[in-house]
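Paired with chain B in one complex and with chain C in the other, chain A is shared by the two complexes that follow.
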Partner chain A sequence: MTSRSVSQPQIPTQPGVFTRASSGLVRQVRTQDVMFYGWQQIALGYIIFIVAAWQFYPGASMEVGVLLATAAGILIAICYAFLSVVYPRSGGDYVFMSRILHPAAGLVLSMSLIFWQLFYAGINGAFLSKFGLAPMFSTLGIQTGNHSLTAIGSWFTSPWGLFSGGALVIGVFSIVQYLGVGLYFKAQRWASYVAIGSLLVTVVTLILASTGVLSFQHNFDVVAGHGAYQGVLHAAASAGVSTHHSFSFSQSLYFAAWPAFSLWFAVLSVSFGGEVKDGQRSQFRGMNLAIITMGGFMLLLMFLYRMAFGSGFILASSQLPTNKFPLNAAPYVNLYTGIAGGNVVLTVVNSLWVLALLFFVGASSLVASTRNMLAWSLDGVAPKWFSAVSARRHTPTWSLVLCAVIATIWALLYSFTDTVLVLGGFLGQCVPILGVCVAAIVFPFRRREDFESSPIAYRIGRVPLITVVGVVAAICVGFCFYRLLVDTNYGANNTLSVVMTLGAAAFAALWFLVYRLWNKARGTDLNAQFKEIPIE
Partner chain B sequence: MRIYFCSDIHGSDKCWKKFLSTPKFYEADVIIVGGDVTGKFLVPIVETRRGKYSCRFNGLERKVSAGAPLQHLLDMIADSGAYGYVTTPDEYAHHQQDSEAVDQLFRRLILERVDRWIELAETKLRGTGVRVLVSGANDDYFEVDEALGRSELIEDPNGAVVPLGEGYDLMGMGYGNITPWACPRDVPEEELTRRIDEVMATVDDPGKTLMSLHVPPFESGLDYAPELDDELRAVVTANGLKMIPVGSTATRDAITSYRPVMGLHGHIHESRGVHDLNGVPIANPGSEYSEGILGGVVIDLDRRHGLTNTTLVRG
Partner chain C sequence: MTTPTADLRSQRIPAEATRLAEQAEARSIPLRITGSVAVFVLCRENADLLAKLGRRPYHDIDFWALDRDRKRIVEFFAAEGYSVDPESLHLREWGIKRLIFEHPETSIKVDVFMDELVMAHTIPFADRLRVDSPCIPPADLLLSKLQIHEITSNDFIDLTLLLLGHEPGEEQPGRIGLDRVASILAEDWGFWYEATQNLAALEGAVAGYSALPGAARDSVVRRISALSQRIEAEPKSRRWRWRARTGTRRRWYEHVSEA
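Take a look at the complex of A and B:
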């Protein structure tokens, strides 16, 4: 059936339904907007350390790992998208986990997510230094013979260099969010166009290097010395590093946790909503398209990296001790891309997408964190000052300050100690993702009426589709959590990460309990605040 | 005295039934709906063949048989705030071509539901001592006021001052500033100011008055909604939805100049909260009517101590 709106032709409607002139009727956000947001969250720049981690999984196919992570990401995205259709108001997973599971579960899982989002808000800045700026300056230094540039590259991997990146990202985005500058949005959009252009140039550079038009081996020898490329392979062989393994599906599966760390976060667009409830297909399409396109790009880049530089060379160079590697730089693939390009302009252009994506992903973490704090406060489970908005700037000042302080502490820990590693927060982030999967599984049974009337009341036989998808997604996330816990190569099972994963959840549970008691003492029953009013 | 305030239930049967349960659930003496009581969607349920019906509701094609399944579907639609109506393929085709006929149908179904709600309220709350205040607002047709006026139980504070007891009054204003949707009671800010001032001129003591102004004050923290483009689509940036203040300057001026006990607002469903505007507490309970969730504010007022509690609840 088709239909159209009446009274006001421009009033948004949905097929088979009539609408009238009334406020709040807005169209769904565009699929491409959701996808674009998902791209930001995925932060393809992470591919630099994802490829570097390949060495830990002998026999793993990076491409198969990406495919597995993408497939799991799609299932997780379906859970998020379906639940966001049922609960379309802005607020995201906190809202539907509170409704479907329990207010306490909603708060605990949301607090855990935010705690780890803030972890990455600070650390993403350090990633910018380590995986973006350092390789770019090192390549430029090597290509021009300018030792100052090489030294700057090295400095960005030092504790102060890492912390500077963290402080830059936290500082810039805290100020920007406080001021709410419109110019920022324009700058960000333009930066995204630049990133896309830069990424395309990288793809072309890698294709040229893969097909022999550009010779990476020759260019590497030019900057590192005659025979340096073969030297790396020989040095690795002499050190007992094997770079030839037969394909292993299990190792590919274990490796998949690395791309998952990037691809799964497209689901954060879940906080977008709208009142015209026509299935909100843009969420479904946008999230999945973001995962599929970025998964595809990741897969393509990995393939091209291998073709351009040689799988054996990537594995050999990443496993060599620093003093055996012929360049004064870390052996990341963006360093190699710069060298393959063979000129400084291409090096800068090839670096832009990594820099832009690593820079802007930190901003989203801060925004998501302050919005969630606002929601907790309004629900009475956090102090009122969490939702206090600056009269002049209309921004949640104190939440922002708190977020910036927590993010800075994490950036300091990452930069100056060995207690925090790259995937250190992924263990904790898996917990709220698992919570959403569980919410998806039980939703049709705990909220039967809501399910029946919802746009997602699909069934496979007699079993709700969302339950089936939730079960498979939960298995994927559960497996990832298990691997992160038992495999030291991810760096997620060190003492601090495990303690903080448990600690964040325990703290949130305690927080809820204390707030409940405190409110009760003031005559407000927190349970009654959330309890559904019985219809008599 | 305990007051329960909610707003923007937009035709949801479920929310209305919950609203009528609030006196018992929250132990409220006065319960208020601050406007926008009527729904926005009509769902035609077409009889495709004898005893078989089909409609598209919430994005899904639904097929049911006559009897209990059809009634269940109608209830489900009503709970979401929409108006389901059973029709024939010919009538549906006619409605698709005739916007005037759809408008008439909207009015008929809206008023039927309001009448049914009044009946439910009177059955449930008459004689209990609970005061029930319901007003229309910018999305409601003016006929809704007439229907509310016929009730012996429900009081309509729209454009009036209603004594609440213990020395407190409540004034109501359902008109709002201009929106992109050109709603029945959208007026320019100057006219809104004039209307508020006219009502406030009849108030004994603004400091002992609760002002129920449907549209929240501009830049108050209770008026943030997604910025819309020319197609009425939310603007998204790489940081998410772009939220902007869309409240009323007339409302803001009224709150800051009259300094009431409290400002009670609705209209912006996304901007739930309790804030402070130049020392005056203001609240917007938000709205999640289509999910059947009733957001509200529980307010405790005391002759001696004044305002002692404002708690946002979600029932």
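Take a look at the complex of A and C:
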């Protein structure tokens, strides 16, 4: 097979008469798979620490913050989806940026993104322990009075407990991906069905708790001791914690970076752009549906959490020192949901969506990482073994091993040291997202012929739509990047995060330079390679 | 307009397809010819009609095979001088059971579908490869044409020849197995709808074939009618009836992209 140029000739047709050059092919990844992949990347389970971070933004409306992040996410998704239509290949964002901006920019930004995706592949497994398994076992232990279950819950927050979650996710999904991405998508589909069922049960539970059918305050007092609910509020007031603030739009805007950290990553479905059925529509629909549905659920849950548990109680409990909180568990909203349900079966069912989504989020990062590595290798800017596949299954081998090793190192660092912070990698991932927005802005001008012959050649007046959307999306991402730099609450501007962000970019730049020189020495014209979209 | 090289390749394709199927059979690999080439092989007595009706030359050979023989199929085609398309190997990772080969000298392209034909509609065939040889059974060949959503004039010509040369009835050599056709369509409303639409359109197309003798035209129309009646009479599955309620308000076929 030879490389195809970006503008592919259409088969001539006459009205009412179809023609077909060959047997054709039905791709296996559907719109719903793209949406489910977006759900996994979004990982709604992050809502647990997003709500916990609300305390840092006095006067912020969580719901307004989510709306702003969702709106920006849709604009970003339009940039990614449009470019994916033109460049439907594995490693999507790398392919667009290397072709539209510059090969070096493409590799540096893509390698930075993958560096941080592997970071999260590792620590998201630990999140499964910390935000999924630990609260579930703690709630069950509290509800049943079984101290062994509470101890299991505590163990999952210990270094070995955290690492076990990481190792489990990395191990299971390395094997699943080795067996075939088709299998991965089947597993993802079933996990998503479980997640949606469980989420609906959670919404019903919270509605019942909000309307007084279930009493959270009563149930909390039952498990934590008489008057414990009021005790939390009084303890917080005594400690000088204010839980009443008037609405502040600016604080809501600053808070928006937290849900953005979750919602924006649905766009990484472009990493398997070449395999999507009806690619032109599926990426667009799948990404946007993922952002809208999960943004909607996030907003609804936040509202119901406030109604069911009380805004003051959420703010008070998240700011109390551990020894002042009356339960032997972290004050997370999923713990409260379990308590509100007052039933062990409901507790398990209400935990399933957190477990299902947090179990897969690391896996979705592995998918994005191996696809990008494949694309680098096909372009000749990474070793051939990055694109090596199993002879039997044609699944990635060495790139998968490399990803698993790097992710495990991150899981170890997160579990056993205090150096790794949750949003530490958002700074480094904002830059590649910004890169795609810039690529969207300049695409109609730098690749005029490709734009004009593409199905995305829409215009507002004389200005290409993708440019307009790209500008607004870039402003949103740029603002988020600025906030990450100046707001210490995110933890993304600490020295380690900044050094790692710059270090990853510098390493990637050096890598590109070495490969460029190596290709030149072999007489390979790397520039010519980047004028075409890669074969797979 | 075709080039002399393309014409030559087109003429060689049926013989090459038969040779490959026989060679594979000798190595105990069931490899059955399908698609337009199978129509040519099965309807040789009426082959002169193809050109008269305006059928375009063949570009490739399609085979049906078993996924369990995949490795041996790759080795077989390599031994026959064909190069495997690396992109088709990559498809397997995504659960697509398909191999594509090309001969570097003759430029003949070969598509091998394994276990099932997944196109606008799906036809499972793993248990059908021992029914006939060197081509797939006429009933499956008919289904493989009727499942096409964006049907072409070449497909109508193929269907015309297939029906002209094969009486629908009980499954036996030279006949279109009505039970097979009806049972597959009774399971899947989308496929049933596509097939019945295509049969109706075929009747119209046949009426316009001036190169087709009147008796042949009548025979084809009669067979279309027999097929339609049998398809209609077959009891439909629960899944079929459930899907029928939605009808064409929901897309009933899969999009087929360029391979």
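Rule of thumb we're sticking to: the second predicted complex is superposed on the first by the 470 of 536 C-alpha atoms of A that agree within 3 Å, B and C clash if a C-alpha of one lies under 4 Å from a C-alpha of the other, contacts with A are read in each partner's own complex, and residues count from 1 in each chain.
Methods note: a residue touches a chain if its C-beta (ideal position, glycine included) is under 8 Å from a C-beta of that chain, and two chains touch if they have at least 3 such contacts.
Bear in mind the structure is a predicted one, so any value in this text is a computation, not a measurement.
Look at A:Gly24: by the touch rule set out above, it reaches both chain B and chain C. Judged by the touch definition given at the top, the superposed model places A:Thr395 against chain C, while chain B stays out of reach. Contact with chain B, but none with chain C, is seen for A:Leu378 once the two complexes are overlaid on the shared chain.
Judged by the touch definition given at the top, the superposed model places A:Leu113 against neither chain B nor chain C.
Measured by the number of chain A residues touched, the leading partner among chain B and chain C is B.
Applying the stated touch rule to the two superposed structures, the overlap between the chain B and chain C interfaces on chain A comprises residues 1, 8, 17-29, 185, 275, 277-279, 389, 394, 535-536.
Within the complex formed with chain C, the residues of chain A that make contact are 1, 8, 17-29, 180-183, 185, 275, 277-279, 389, 392-395, 535-536. Interface residues of chain A facing chain B in the complex, by the touch rule stated above, are 1-4, 6-8, 10-12, 14-30, 33-34, 36-37, 40, 85-90, 99, 185, 188-189, 192, 269, 271-275, 277-281, 360, 363-364, 367-368, 371, 378-380, 387, 389, 391, 394, 449-450, 452-455, 457-458, 523-524, 528-536.
Those residues of chain C that touch chain A in the complex are listed here as 35, 59-60, 62, 71, 85-87, 89-96, 98, 109, 111, 118-120, 150-153, 254-259. Residues 10, 14, 17-18, 21-22, 24-26, 36, 38, 40-44, 46, 54-60, 76-77, 79-80, 82, 92, 95-96, 99, 102-103, 105-106, 138-139, 176, 179, 181-184, 219, 221, 224, 226, 228, 231-234, 236-242, 245, 267, 269-270, 272-275, 286, 288, 290-294, 309, 311-315 of chain B are the ones touching chain A in the complex.
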